[in-house]
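These are the structures, in structure tokens.
Each of the two complexes below includes chain A, the first together with chain B, the second together with chain C.
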Partner chain A sequence: MTSILVGLLALSILTAVLALLLEVADSYFGFYGECQITINEGDRKLDVQGGNKLLGTLMDEGIFVPSACGGRGTCGLCKVKILEGGGPLLPTEEPYLEPEEREDNVRLSCQVKVRSDMKIEIPPELFLIKSFKAKVTGLRDLTATIKELNLQLIEPETIEFKAGQFIQFEIPEYEGCEEPVYRAYSVASATSAPNGISLIITRVPEGVATTYIHDFLKEGDEVVFNGPYGEFYLRDSDNDIYLVATGSGLAPIMSMLYQIVDQKIDRKVTVVFGARHLEDLMYMNEIKQLQERTSNIEFIPTLSKPPESDGWQGSTGRVTDVLDKIVETGDNKEVYICGNPMMVESVEELFKKKGVPENLIYYDKFG
Partner chain B sequence: METGLTAYIIFFAAIFTNNILLTNFLGLCSFLAISREVKPAIGLGMAVTFVLTCTSGINYIVYYYILEPFNLVHFRFIIFIVVIAAFVQLVEMVIERVSPLLYVILGVFLPLITVNCAILGVSLFMIIRNYTFLQSVAYGAGGGLGWTLAIVSMGAIRERLKNAAIPKPLEGPGITLIIAGLMAMAFIGFTGMIQIQ
Partner chain C sequence: MGRYPIFQSPLLDEVEHRMGSCRPWHAGPLGKDTRKLVEILTEDQAEINSLGLTHEQIAQRLRELASKAKEGWGEPVCVDEKFLVTIHDARGKLPCPWGHPGLYRKTHIELKNIETGEILVWSDLSIHMVEAHGFYQGKGSVYRLDPSRVKKILEL
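Let's turn to the complex of A and B:
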């Protein structure tokens, strides 16, 4: 018995000594002192403590480079141009960088450590990205599995974003999840109401984030999100606009519709929204009200599997079936698609076949 | 020198006749995972050789000057692992600070090595075989080079294999294990040269 105790004690001491040694070594080797990061040729200069990853360092300074994987180096989204002080390319970055990007000094900010003074370039719109504190002012069921979450901003009080962009919502620790995680949701509300946002959240069985929002979040709760992100927004041109969505993919499309009506954009707009049954359709009243304010929006909801009992008079079939019928040629058309990846791909394929050039098809895939 | 072998012979024996990977089948997981191409295989091999050489020396000292006097030899498994892990961490920190280039070549592989059983295997073998300090370090260095030789050859073979028509069920790990077996048999050809036990 005593020999076991003595052994355990000796083992603990030895391990503790090694741990201490590592701590000392870390504070000696891992200390890089103060480093200066110059962004966009001196637009902003940050004095930061070296030794951490660039992504996290920038985040601490309030600059949010988009990242879907949380800095593990698996999504390849957090690319920034590092002109000086980035060190050689790491093997963990190689799979995500095209040859042209390597030539341009593009790096993954989640892999590069701040070790010395750096010069970097980031898109100026990233400065608009902030962390927001907000209060839940409403949670309502849009369908059996989809909820609308309304948030009133507390700090900062307003948000500047483009209709169609998304935010990253922080899911705090709760009993279903041990550490905070982030999930991306498109903003469904109008850009003209900048002191709040609405999100549309589909319940995913066993989903860490959607379970939290559907089952744990209450009115009055405080939440944190950061954004806005994304390249999915209306482009300025004279082309006819086609907005295609299924399920909660309607969120960014709603925001775009508000923009079209609010800014009196005089282009022909066709919205095709696909759902399975009648009870899966949402925002029907809101869209009707928008249609009353302008004459250029055509709205076509379509049901893929309407049972007889629904008494559905409208269009049936998938969104591709509807589009195949109403779109004749690809001339002067601009397409915005949002929803599940398979739908997005088949709609993109359809419009390409009709002759819409690839660079006029924009989409946001919901995984 | 109880075994009657010089460190020099042990060094070569560990590379060819007693290749730790192909005769003892230690360190197979990273061998299978990182052997798709030659370049990363070389990087990992170098990292393994370096860590193996150093840890066999360190573990020798830990065993004969700490564990044996204090009667803790039955804790050698866990102690060796802890020592290896701490050493790998330390080396990673130093390399990152001192040479960014070396960090690119070795750094990313170092965390993988902590759990490489070849490293623990060498430390245990040197105790079982009653090696002296010099012999242990030679065995570590040779073992590492032997492991590198095996993984780099496998990397080269698998690079060529990309263009071969492999039966579907054998693709990936299947064919790799078969090749490893053939390589092991080929290495048996060396056994007549020297023998260590």
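Let's turn to the complex of A and C:
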């Protein structure tokens, strides 16, 4: 019995010593010292402590590379070009990189560790992206499954963005979510009101983020987000504008409408918004008020399956049914589509068949 | 991979580690299952064999139903007068935890058997993992496709 106890004690001591040796080894070999990251041929130079992932390191220095998964390697958004110091391509990066990207030294910044001096290239507009702290000033049900979230900025106090862009909203730890995650939401409010933003959030079944926003977030809570991001914004031209959306895809479209009215953009605008039933239509009053401020916005809401009890007298069918009837040719037209990915693909196809060049069809596919 | 018998290997360890790092999203593909991945794969494979089904058959049927659901643009679609299928899309894409190339849209496909009212839920990634790896996800995962339930609800 004594020998067994002695043996167990010896084993425990040995295990503890080995664990300690592993800790020491990790801190010695895992310590990469100071590293310098040169960005865009010297536009910025960062002196950082090595050992962490590039995405997090850049974020600590106030440079926000887009990420929807919080650095877990599941969204593929955090691509940067690493000219030197990136090490070999990792298996976790491979699914997200096309052959041309690999040849061009594009890497996933959430997977690459900073181990030595690095030279990287990032789009210059990323320098404009900031982290914001804000307070929830309103939570409003727009439909049975869609909520409007209103935020007043605390620090910084104002935000500069283009109508149509999105932000990355941080979902903190909560019951059912062990670590913070980020999710992208388009800004629905006007660029002319920079002290706050509005977001539209659809409840996604079992969604980590939407469950938090719909069921846990309350007025007065403080939140964090960063941005703005995205290439989905109004282009400057004389073309007629078609704005097409379903569901919460209306968010960036609303922001674009505010821009068109606030800046008195003198172009013909047609908005086609698709929903299922009358109760799924939202922002009807807001759009009507915008139409009262300018005569060049035509708004066509369409319901795909209105029951008789809705008493709906407006357009029926899908957005593609409406567009097929009203769009004769593709001349002098520019299209902005947002919402369900299948809808986006169908609308894009329709406009291409009508003759709108592909480079004048812009979309935010939400997928 | 995904064929009976299934062996523990460093690759499977790596896959299991990647699945664990999918938390907190839906508690990950392993769910709240306390079994090792190799046990989950082996036991589900044995059940599939005993039910007289194949992974390919199940994946094919799930794919067909998802394809019909996509035509609904987020609204329920009636398929074969037996099922109501709805698909929801969220932003972003997911890779296969086995490290295969390609990304899968973050879809949430919900099927209701009209007669029994029973519901089955899966995603585009689920279909791939069933077909290529015989992985039906761990117990407690939102997207767990218990083979017996799949057979019953889809009337295979």
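Assume the second predicted complex is superposed on the first by the 334 of 367 C-alpha atoms of A that agree within 3 Å, B and C clash if a C-alpha of one lies under 4 Å from a C-alpha of the other, contacts with A are read in each partner's own complex, and residues count from 1 in each chain.
Note that in this section a residue touches a chain if its C-beta (ideal position, glycine included) is under 8 Å from a C-beta of that chain, and two chains touch if they have at least 3 such contacts.
The shown structure was predicted, so the numbers you read here are calculated from the model rather than taken from an experiment.
> Could you look at A:91 and tell me whether it touches chain B, chain C, both or neither (first, second, both, neither)?
both
> Quick check on the superposed pair: does A:20 touch chain B, chain C, both, or neither? Answer first, second, both or neither.
In the superposition, A:20 touches no partner, neither chain B nor chain C.
> Of the two partner chains, chain B (first) and chain C (second), which one does A:326 touch, if any: first, second, both, or neither?
Touch partners of A:326: none, neither chain B nor chain C.
> Please tell me which partner, chain B or chain C, touches more residues of chain A.
C
> After superposition on the shared chain, which partner residues are touched by A:7: those of chain B (first), chain C (second), both, or neither?
After superposition on chain A, A:7 lies in contact with chain B alone.
> Would you tell me the residues on chain A in contact with chain B in one complex that are also in contact with chain C in the other?
91-92
> Can you tell me which positions in chain B touch chain A when the two form their complex?
40, 43, 66, 70-72, 74-75, 78-79, 82-83, 86, 89-90, 93-94, 96-97, 100-101, 104, 107-108
> Given the complex with chain C, which residues does chain A contribute to the contact?
Those in contact with chain C are residues 68-69, 72-77, 91-92, 94-96, 176-179, 181, 183-184, 204-208, 246-247, 276, 304-305, 318, 340-343, 366-367.
> Over in the complex, which chain C residues touch chain A? Could you list them?
Counting only chain C, the residues touching chain A are 18, 21-27, 70-71, 73-75, 88-96, 99-103, 105-106, 108, 110, 121, 142.
> Under the stated contact criterion, what part of chain A meets chain B in this complex?
3, 7, 10-11, 14-15, 18-19, 21-22, 25-26, 29-30, 87-92, 113, 115
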